[in-house]
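Each of the next two complexes has chain A plus one other chain: chain B in the first, chain C in the second.
Our next item is the complex of A and B:
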């Protein structure tokens, strides 16, 4: 037998015993980004639905921002999956010949339903009058573009506007379970893998869903604060306070669910507990204990709670506090996705060893590609906002949401 | 009259004996010829629907020589770099201290060296591993496009021309039996040497095993080697609690094996 030094580097860095085929980790950085992006979509949409369905008037300034954010992130969401496939050119097969027993086969349908029937329909109805107006006033190619996106509709009557409102209300009603489905489904993809004790949990879709709501609200809060700063628009503090309050409630539920999952695992102490404990204290210590739990959950929880109770603090201080908490939460949720996706592959299914994962810099699954896919939705949002006015008090926005 | 009859009977008897002798001599040759000759003939009469394949592994018989791993690599062009295995051999060393050490350097293809002090060893044994061709295969369940499927003989295969390379099946397999082929960029795994089975041959790993630690056959056929193996041994499967219904059966398996 030849020396151990001839073994591939990854096996030498592994500890304990891993099955030989486990040397390579198959779902890397890009697959971490996918649930992160879909989570932001679902969260942003649920925030928007608070305005339309639950009539939370204070959040009205962020309604359009939430919807457009959801759209921009949803457009990018399938790209990391596509780039990750061994044969991206065969990806359409998921639509054409789906295997009905596969959870993943439903991806195309869930995605298409959410994009076409929920987000695009609601945004179109919300902006219908704006698009018709722009189609009338603009010239040349722009006119043609607006005519096209308004689907050559010209009806701006009061009756049609009332219909828009009713339709939006109805779509949002359908949209809430759809958003739950979109991200709960992503959780199910992991939670339903019985071979993997780190993933296999009935709580997984629920935890995914609440962490999605947390990340979506946090993102809208960040975007609202930053765009207001850069555009020198006054920040509606009532709106910001409400956002922060909902963020705190969602974070509390999310934290409780994750703790429940943790305590449940610990108490049951199944066969896998030893290796999972080893993984948490070694491989995932920084990303799980430090970033996800401490920086991403406990510190924001304390910050948001203090700001929630002590209402007499100066406005500037509150804004800064909310912004910092939201940014920390974003980091925490990204770490959550990392810990689920990568963590689930760091231990061997023999439950006897741990492997390692090194992110490449270049290549289709590299760090740069990942960063590009994380920045791309923001670039799309910038251009979408050029076409569709983001703020309620922008010119030509009499679409009835006031 | 009676003499004539007796003469006839004697002639008939001698003729019969000669023919029988010739027949007995020819028959094994014929059956051999059939095996060698007629891959096409065998193929023509191969009826997959009536078969149900499985593999038995006699743990006590395995000597960890790694011939099966090498044969599999050669037969199926298994890519080597960095490390991919359709079958591999694990060595379990149970120490007196209660610790269990599992190793499979190079999948066991180069054999094993003594690395532990003998006086500290309670026992040591080898366990060949491969795809379990589960009847409730999680990999088949999760494949989004149906590129992984179960044949009517119960063999789980991957259609490399249809697989999209999503790796979901690799995540779903509890046994680490699958890998992503770096050349085809599709999922890859043991096929029970399906191309050999349909020609009446045994899987390469079974063929080369010097100690007959691997037994291949039909799980439903009363006279198959595998059913005899079932009768003679207490049988266990790997990770039975997951309800995957594996079709690789282990005799005398230690509880430490996962």
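Our next item is the complex of A and C:
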């Protein structure tokens, strides 16, 4: 109802003809954050799977970081939806009375499967020995805590460790399609809305998925570089180079898919093309053309390509280049989510007009709430890293300073 | 089976048991009996007060109107769409005092459907509420039970829409154009060459406004022998909207 007071202002800024119920956007800033967060989770997990399934040894230093990043972001992923819907207690209904015909209602199960059966199981097996050791050495409440999280396991035999590795390999194998399902599902939700020409596309889940992989790798690259910087740990340049290489490949695929989607729409030239073109060149000019395409895709593509080809550049310069490219990519992917979610509601279904969207500062749908939800996973990651050591067993080669 | 798998399995089993127990305890009774909702919700809905009688009940008594309406363009418009919820009216029929349903007389009711909207289908009768015979209630020209199909406007209004609108708001709204203007047929074909004439004497206005005229008592009257001698009335007064000066 808050929107009604703003209605005259919105209608003054709307252009062309819009239906009365289109003046106010129902999916706002928080719904933009939701696919962004799930994308980061899926991307970070896919990166972790490169180590365990595809045996990319160079990425080993980032394996634990990727897993814990995925966990921290996954814990926060449903919060934007809960805050947006306003009745968190009702969220349990989707578990109690599952509705298999609704893709949205099944999210709870996709989420629960991914959290419980993939991420938590894999992290538990990865850290089992650490937890048992801490359960033995710590005292008091901490001891009880570590005993509890290790599920009172005491087996640290070589045989059990070998089994852990095999089990992790198997879970990661199951985890890859699960991660695809988690984020592909988010794309599917949008792609399946056939009444909305901006969303309705079979390519949507695939585009979402690859942009998720891009954002996940970029996030881990940023976190790896920054934590190494603040903890004064030498950066493993081999690992960073490999991360950047995978980031480049994923970005190339993502860019190609987005271009394919774009060209397909242009060639198809459905009746909506005119208003969508109008929307891109007016309402979404900054967020789509400037931030998503130019800053978030083309500049990082050029930067990463140059650094990929010219290997003789100074190490400090390369690190900075990778970091800047990764930060720009994060901005670009956030813009992608914005353009999908907000863009799909900016044009009228009469295809004759455009409305506007302004983010509030305060309130449950406001800018501060959004920033809190974006920072919260990092705070959780900080505390998770206190319990589960991120680095101590990682082989670190300081190739950068040699 | 390795110890860690056993522990994980126990953990999973506990979660599953918790899930099943919460389902048994928390899912409302009768959920899913008829569909994906609580069966007792139907009783809750039945207990709600009834406001609408439904057009079949209306037709029982008002069969003549129903017959006319069903043959007209408004055949798909329900009685209570315009007359409002009428269950009270039906229930009161057997009581001493009959509650009458509302009968809209202002322009807001018809404009719900007939106000101009670019999203409406071509051919659907639409008007600009502000300029279409301002102030006049719709039912003074249109019968809502048998509305006329839209027709192309003709006569003076086809070209002189501005004057028609102005006049419609004035005290002269009921005076036809040709009472003051004589127009040749050729004006319709060649309007600039054959212009309609304007009153050339004061007698025409005097018919209503001269002292002693038999017009309504609220019509302003003047002594024509003293008032504005030497001028024609319309040289000082604007006959399409006389209140304006």
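Note that the second predicted complex is superposed on the first by the 382 of 402 C-alpha atoms of A that agree within 3 Å, B and C clash if a C-alpha of one lies under 4 Å from a C-alpha of the other, contacts with A are read in each partner's own complex, and residues count from 1 in each chain.
Please note the rule applied: a contact is a pair of C-beta atoms (placed from the backbone, for glycine too) under 8 Å apart; a residue touches a chain by one contact, two chains touch by 3 or more.
Model, not experiment: these values are computed from the prediction.
**Q** Give one word, clash or fit, describing how chain B and chain C relate on chain A after superposing.
**A** After superposition on chain A, which the two structures share, chain B runs into chain C.
**Q** Check the residue A:193 against both partner chains and state whether it touches chain B (first), chain C (second), both, or neither.
**A** first
**Q** Looking at A:91, would you say it contacts chain B, chain C, both, or neither? Reply first, second, both or neither.
**A** In the superposition, A:91 contacts chain B only.
**Q** Scan A:10 for contacts with chain B and chain C and give back first, second, both or neither.
**A** first
**Q** Is A:259 touching anything from chain B or chain C once the two structures are fitted on A? First, second, both or neither.
**A** After superposing on A, A:259 lies clear of both chain B and chain C.
**Q** Is A:128 in contact with chain B, with chain C, with both, or with neither (first, second, both, neither)?
**A** The second partner, chain C, only.
**Q** Looking at the overlay, what does A:286 touch: chain B (first), chain C (second), both, or neither?
**A** In the superposed model, A:286 contacts neither chain B nor chain C.
**Q** Does chain B (first) or chain C (second) touch A:359, or do both, or does neither?
**A** In the superposition, A:359 contacts neither chain B nor chain C.
**Q** I'd like to know which partner A:313 touches here: chain B for first, chain C for second, both or neither.
**A** neither
**Q** Check whether chain B or chain C contacts more residues of chain A in the superposed model.
**A** B
**Q** Mind working out whether A:104 is in touch with chain B, chain C, both or neither, as first, second, both or neither?
**A** first
**Q** Going by the contact definition given at the top, which residues of chain A touch chain B in one complex and chain C in the other?
**A** 17, 19, 97, 99, 101, 350, 352
**Q** In their shared complex, at which residues does chain A touch chain B?
**A** 1-2, 4, 7-8, 10-11, 17-24, 26-27, 81, 84-88, 90-91, 93-94, 97-99, 101-105, 107, 189, 193-196, 344-345, 348-352
**Q** Can you list the residues on chain C that touch chain A in the complex?
**A** My answer: residues 2-5, 7-8, 10-12, 15, 19, 22-23, 26-27, 31-32, 36, 118-119.
**Q** In their shared complex, at which residues does chain B touch chain A?
**A** Residues 82-85, 88, 90, 100-107, 110-113, 129, 138, 141-146, 162-168, 170-180, 184-186, 242, 258.
**Q** Spell out the part of chain A that touches chain C in their complex, as residue ranges.
**A** Its residues touching chain C are 17, 19, 92, 95-97, 99, 101, 116, 121, 124-125, 128, 151-153, 155, 160, 163-164, 167, 350, 352.
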